[in-house]
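Shared between the two complexes below is chain A, which pairs with chain B and chain C, respectively.
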Partner chain A sequence: MSKREGQKTIFEFNRYLNKRVRVKFNGGREVTGILKGHDQVCNLVLDDTEEYRRDPDDPFKLLNETRQLGLVVARGTAVMLVSPVEGMEEISNPFVNVAES
Partner chain B sequence: MVLPLNLLRTAQNQPMMVELKNGETYSGVLANCDTFMNLQMRDVICTSRDGDRFWKIAEVNIRGNNIKYLRLPDEVIDMVKEEQKKEARQAAKGRGRGRGRGAPAGRGRGEMKGFGGRGRG
Partner chain C sequence: MATSSSGAVAAQATPSYLPLALIDKCIGSKIWIIMKGDKELVGTLRGFDDFVNMVLDDVTEYTFTSEGKQTTQLDSILLNGNNITMLVPGGQPPEE
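Then we have the complex of A and B:
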């Protein structure tokens, strides 16, 4: 087990250090925060973290409200996805022309 | 035999669609992958699980344990076969040169088992 965990992953989180990243968690939580540190197993240290509130009826639906969490250690096993906030935007359906095929 | 992770490795720089366990899909170009099936993708379009919201994301890192399935272009399967042939040839060459070193390399691939045995005997 420990041998396998010591294996290198492709994640290059060093590139995101001190930048704002969006992190999605197992179970639907989503936060953005400034990446301060990380380790081999994807544990992350995030500063100035903001969590996106979710619809109480549908925990997978995000609202635009946020709540401040501050300094956070995100557990690697619960992390699902990490992406830089820069270069991320909501768009209209890009598949409308492709959808028929 | 086509191994899933070999296929994925061959599919680097190809467009693909990934569905996560939570139902979100990510369509983009695979930049990198590893043995955990962790993916790094570029120029991604994320679709929410109900399919009515979309995001454009420059770069995403997906943890392999959350993947439900991936859709790849059909050509990749041919590319994988080419690559396997190439590797088999190279392995055969290696066995010819150094007897000691060739054997373990051959054992790594299932169908090569027979050859390794003959070479040593």
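Then we have the complex of A and C:
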């Protein structure tokens, strides 16, 4: 994959092109989608995107439901976190156990 | 508008889509905008600038609250780009 000369983003999006990534946004929204493109300011093109629904009474809690958005453009100004879905694993909160014992 | 600058970059051998070039292609057609909060808008895109502030026509604004969905109909708006998280070309209205 050719690297564009000039400015380089700190995150190598090219490594994740056509792979499924998880994106979290400022404001709490969370989606996964197949990365199809990006630019210097972290705007992303995601295909086959699903948004994780949140509990309307507790927006910090993600429900297991998703809704399909399809092809979307994610705004770089709102992107908080990007990570590949492959290899991701959710662990139980280690700090809760420490407090109990 | 974003056409000239992003169009020039797209002409080079970039293997991927450029986000703003994609939005530029949506001018004149329906777009679904998902905001940071619980608001979503569906309307016809007339134009946008470098900050992705947008001019939209025939807009339906959806606000999701724990009580349900509220809709507002607007003829023509200038939408500040500051609170936009996602743009969905062709945008179908939210179904729930």
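Quick note on the criterion: the second predicted complex is superposed on the first by the 85 of 101 C-alpha atoms of A that agree within 3 Å, B and C clash if a C-alpha of one lies under 4 Å from a C-alpha of the other, contacts with A are read in each partner's own complex, and residues count from 1 in each chain.
In this section, a contact is a pair of C-beta atoms (placed from the backbone, for glycine too) under 8 Å apart; a residue touches a chain by one contact, two chains touch by 3 or more.
Keep in mind it's a predicted model, so treat the numbers as computed, not measured.
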item: Which of chain B and chain C A:36 touches, first, second, both or neither; value: second
item: Which of chain B and chain C A:90 touches, first, second, both or neither; value: first
item: First (chain B), second (chain C), both or neither touched by A:26; value: both
item: Which of chain B and chain C A:73 touches, first, second, both or neither; value: second
item: Which superposed partner A:52 touches (first chain B, second chain C, both, neither); value: neither
item: Touched partner set for A:81, first chain B, second chain C, both or neither; value: first
item: Footprint overlap on chain A, where chain B in one structure and chain C in the other make contact; value: 26
item: Chain A-facing residues of chain C, complex; value: 6, 13-20, 22-23, 34-37, 52, 64-66, 81-90
item: Residues of chain A that touch chain C when the two form their complex; value: 1-2, 4, 14, 17, 25-27, 29, 31, 36-39, 43-45, 51, 56-57, 69-78
item: Interface residues, chain A side, partner chain B - complex; value: 7-13, 26, 28, 42, 60, 79-84, 86-95
item: Chain B - residues contacting chain A, complex; value: 20, 22-23, 32-36, 38-40, 44-45, 47-49, 53-63, 66
